[in-house]
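Here chain A shows up in two complexes: once beside chain B, once beside chain C.
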Partner chain A sequence: MTDRQFLIRDLLVLFGLTGWALSLPFYGSEFMVSMALTCLMYVTLSSSWALFCGSTRYLSLATSAFFGIGAYTSALALAQLSWLQSIALGAALATAVAVVMGAAVLHLRGTYFAVLTFGMTELIRHAITYFEKSVTGTVGRVLTVVPERDAIYLTMLALAVLALGTSIGLRRTRFGLALMGIGADEQRAQTLGVNTRLIKIAGFAMTAAFAGAVGAAMSVRWTYIDPHTVFNPFIGFQTVLIALIGGAITLWGPLIAAIVFSLLAETLRLKLPHLYMMSLGLLLILSVLYLPGGLASVRTDTARGWWRDTQAWWRERRYEWSGDKERDKRRERERRLV
Partner chain B sequence: MSEPRVNGLHVHEHGPPPLLEARAVTVRFGGLTAVDAVDASFGAGELVGIIGPNGAGKTTFFNAISGVTPPTSGRLIADGRDLTRKGPHRYAAHGIARTFQTPRVFADMPVRSNIEFGLKFAGRRPRRYVFWGEEKSVPWALRTPESILTLIGLSAQAGLPAAAVTPSQQRLLEVGMALATRPRMLLLDEVAAGLTESEVEDMARLIRRMRDELDLTVVWIEHAVTTLLRHVERVIVLHQGRKIADATPADVVRNPEVIEAYLGDEMIEGEPA
Partner chain C sequence: MSALAWLELIASGLITGGIYALVALGLNLQYGLMRILNIAHGEFLMLGAYLTWMLQTSFGVSPLWMVPASFLVLMALGLAVHWLCFRRLGATSPNLDIFEARGLMIAFGLMFLVQNFVSYFWGGDLRGYDFMTEPVKVGAAQFAGNKLLVFALALLFSGALIVLLRTTLLGKGVRALMQSPVGAQLVGIDTQRLHPVMFGLGLGLSGVAGCLLSMAYTISPSMGEPYTVTALIVITLGGFGSMSGALAGGLLLGVIEAIGMHFTNPSLKALLSYSVFIAVLLLRPKGLFAK
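And now, the complex of A and B:
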């Protein structure tokens, strides 16, 4: 397929999925809508994470920081501003923090970058906890002005579509190409004329804007927020896990993994809460070992390859267990002696 | 090449300013001085070689003049503009392209996309025609990925992933990627290392062609000194980070300091001195 055909296919898939998600509140139960909301949240978070971190291979654990900033912003601003305004404000604040954070740590790579983004998340969380305790004198905040369920759902859907649309569009622009070049060989990209510093900060800020907007939209779902819930590092970890399991450089990988993940989360968490985390870990190990490209890279050939590998493995075991291997070895040794 | 050249150096006192000028460039890594106050100037259309024994600081000097490693002290002036401590993309925007000693191609991308990458970002240079047209100074051979692939002779491999082509083709691709930034000056870091005898000759011919047909200034580091001396017009010799000679190949091989530092007896026998 040509690039244009790929674009049309991607847009059609996005259009279809959007239509399906739009129809869900009309026939789905309360439980299904709430599950879809979680699903949309992780679709947006991991797709926007993969936008920057997937192509540049900078592993950021700061998603929960931006999420929390967005959540707190909307919790504080909803009393004065409208729903959309407070979401925009949350996204803007998260972007501003990301620009500062990016300027400080984006020259580091690999583990150092991951650990520092995580450290900064913790720093922000504890700073807000301290501020709330000593200045405001509260632990958390109760949200009194809450928009209705459909408004939240539609906003989250719009954000998810926006994230996926950006992802579709970005990989066709010069900016997306620059991000990919940074991931492949940063210094080489630099000598070919890419202002890597600027591009990295812009990409990081873009990721943060989405995470901030998602945080702002999702905070109203809890009605009571405290730094512990909204700056929960697990939000960041889960985003990374979903993107990695789905395939961080693919377009639909984060979406597929987010759906699988939220289905797993909702079904397993209710029945077998321990099994849920274990299966998540197992899924990650399996995908890293056998599917380095993520769930989105599964093709019929992949399955066929696994089948062939399993068959070969099984043939080897039969050869070994039947005693034929031992006998062949012995004969080989005897032949050498003669 | 009609402009007067006084020993290859200080041309700019009469003519246009040099494309790139290094003034007392020093690079230190902790206590080690890798490049020690090297002055060098590269004028338009020159073909300059840089030689020196292992650890002489050739590559470090290259990294300094292409912005990859900012110099500890000294100044770098490209086309009359001070680019000291600026990022490598600024050097690229001023028409200074480089290759790396070990080919650093984008292995997952096809050969053609590797070339396109440079072309996409070459536009960072301020253009005279913003909405249409091409930069007037860009030679025809550097306008499209196809023409660049033809120039470096990789048209047949355009669709293959860069990881799948042979190491010598990767070296050519590396040169092609540098050409795609539409440079005025090309810094080649051991492009002929690990190539066979005939491939080295092909590479040397390509380098001469780029200089002659595309009007590029070429600075070429090489370990295979004999080949290099046969093709360049001026040689800079580095030894323990210092510049010990800067003259024509014929003069350099007679320079006693150079002979002592680097070339040894074998070279004098090899060259009709």
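And now, the complex of A and C:
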């Protein structure tokens, strides 16, 4: 298929999915809608995470910081501003924080970057907890003005479509190519005239804007928020896990993985919370070891490759256990002596 | 503030710092040596603590006996984990950067697995037992006996590890591996065998740390993460892979925290240690003592 055909296919798939999601609140039960909302939240978070971190291979663990900033902003602003305004404000604040954070840490690569973003997230969380405890004198905040369920659902859907649309469009622009170039070889990209510093900060800020907007939209669902829930590092971890398990450089991988995970989470978490988390850990390890390209990279050949590997492994074991290996070695030694 | 109060403050900071250094030993070995940033370090520490607690409360085994026992159990576990995960990872990763990133992800998976296994198996409550709780008088100051013991053992283990790495042939091989894995292989060091052993040793040391910590503090399934972060801070302070740097960094962090908490207030502790961590990573990413 040519690039144009891919574009048309992706847009059609996105259009179809949007239509289906749009009709869900009209026939689905309350439970289904709330599940779809979680689904959309993780679709947006992991797709927007993959926009920057997937293509440049900078592993950011700061998603929960931006999410929390968005959530707090909308919790505070919703009393004065309208619904859309407070979401925009949440996204803007998260972007501002990301620009500052990015300017400070984006010259570090690899594990350093991952650890630093994690440290900064925790720093923000502890700072807000401390501020709330000592200055405002509360632990959390109660949201009194809450928009209708359908408004939240439609906003989340719009954000998810926007994230996926950006992901479709971005990989065809110069900016997207520059991000890919940084991921492949940063120095070479610099030599070819890419202003890597600016591009990286812009990409990081874009990811943060989405996370902030999602946080702002989701905070009203809880009606009571405190730093521990909205800055929960687990939100950031799960975003990364979903994107990686789905395939961080692919377009539909994060979407597929987000849906699988939300279904798993909702069915398992209530009954067997520990089992859910354990299977999450196991899945992560297995996917890193055996599917480094993610779920979206699975083709018919993948299973065949595993089958071949297993067969080769088994042949090796049989060779060893039957004593043939030992015998062959001995014969080899004897031949050398003669 | 009188001189005595200062001394007491610094001494208590040093005791906490010794414990921090102990917590960091295993992670330092794993990250400095093999580039595996084991985020699950604190979780394995917790496993060691739970093993000690279980055997102490159910069978009355002295926690001191559990120091070598938890070392061996965790070491065996480490060898198994290395054999199952990191062996294949090392073989399939095209370069060190990708190995590091994927290793971090695997460690996250291990973290979820171990943490939830423990809370599934033993429940989420706070646990603890009494061991050497009577205070010890040193001059005019008083310290908890178990903390002093933990401090002494922490210094002992750090010292032993430093001596082991500095003077023995094994230590020489390990340091060579730290400098250049390919070079080490070229001069005939069996990296295929040294790698799993060192990973196992790292986990074993985290088990020892957990065992010692359970003597002085209460334990719970969520205790791991703060210790992982502490260990990370300590090894960044000391420079990745440097044992004596980690010991000095741990002691320093303990004293900084003790003094900072005394002059501001205790709920700022986490904020303080994260600020130190970020400042060091940004300003001196090679560690405070790097030349």
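Just so it is clear, the second predicted complex is superposed on the first by the 303 of 338 C-alpha atoms of A that agree within 3 Å, B and C clash if a C-alpha of one lies under 4 Å from a C-alpha of the other, contacts with A are read in each partner's own complex, and residues count from 1 in each chain.
In this section, contacts are C-beta pairs under 8 Å (C-beta built on N, C-alpha and C of every residue); 3 or more make two chains touch, one makes a residue touch a chain.
Bear in mind that the values here come from a model prediction, so they are computed numbers and not experimental data.
The superposed arrangement places chain B and chain C next to each other on chain A without a clash. Of the two partner chains placed around the shared chain by superposition, chain C is the only one that A:Leu280 touches, whereas chain B remains out of contact. Contacts of A:Val194 after superposition on the shared chain: chain B is touched, whereas chain C is not. Within the superposed three-chain model, A:Ala184 lies in touch with chain B and out of touch with chain C [touch as defined at top].
With both structures placed on the common chain, the touch criterion links A:Leu12 to neither chain B nor chain C.
Contacts of A:Thr111 after superposition on the shared chain: chain C is touched, whereas chain B is not. Closest approach of chain B to chain C, taken over C-alpha atoms in the A-based superposition, is 9 Å.
No residue of chain A is contacted both by chain B in one complex and by chain C in the other. Remark: chain C residues 35, 37, 85, 88-89, 92, 97, 100-102, 104-106, 108-113, 115-117, 119-120, 229, 232, 267-268, 270-271, 274-275, 277-278, 281-282, 285 touch chain A in the complex. Contact residues on chain A toward chain B in their complex (touch as defined above): 174, 177-178, 181, 184-185, 187-197. Of all residues in chain A, only 57, 59, 104-105, 108-112, 114-116, 119-120, 122-123, 126-127, 130, 133-134, 237, 240-241, 244, 273-275, 277-278, 280-285, 288-289, 292 touch chain C in the complex they form. For chain B in complex with chain A, the residues that touch the partner chain are 66-68, 87-89, 91-93, 97-98, 100, 104-109, 117-118, 120-122, 124, 177-178, 180-181.
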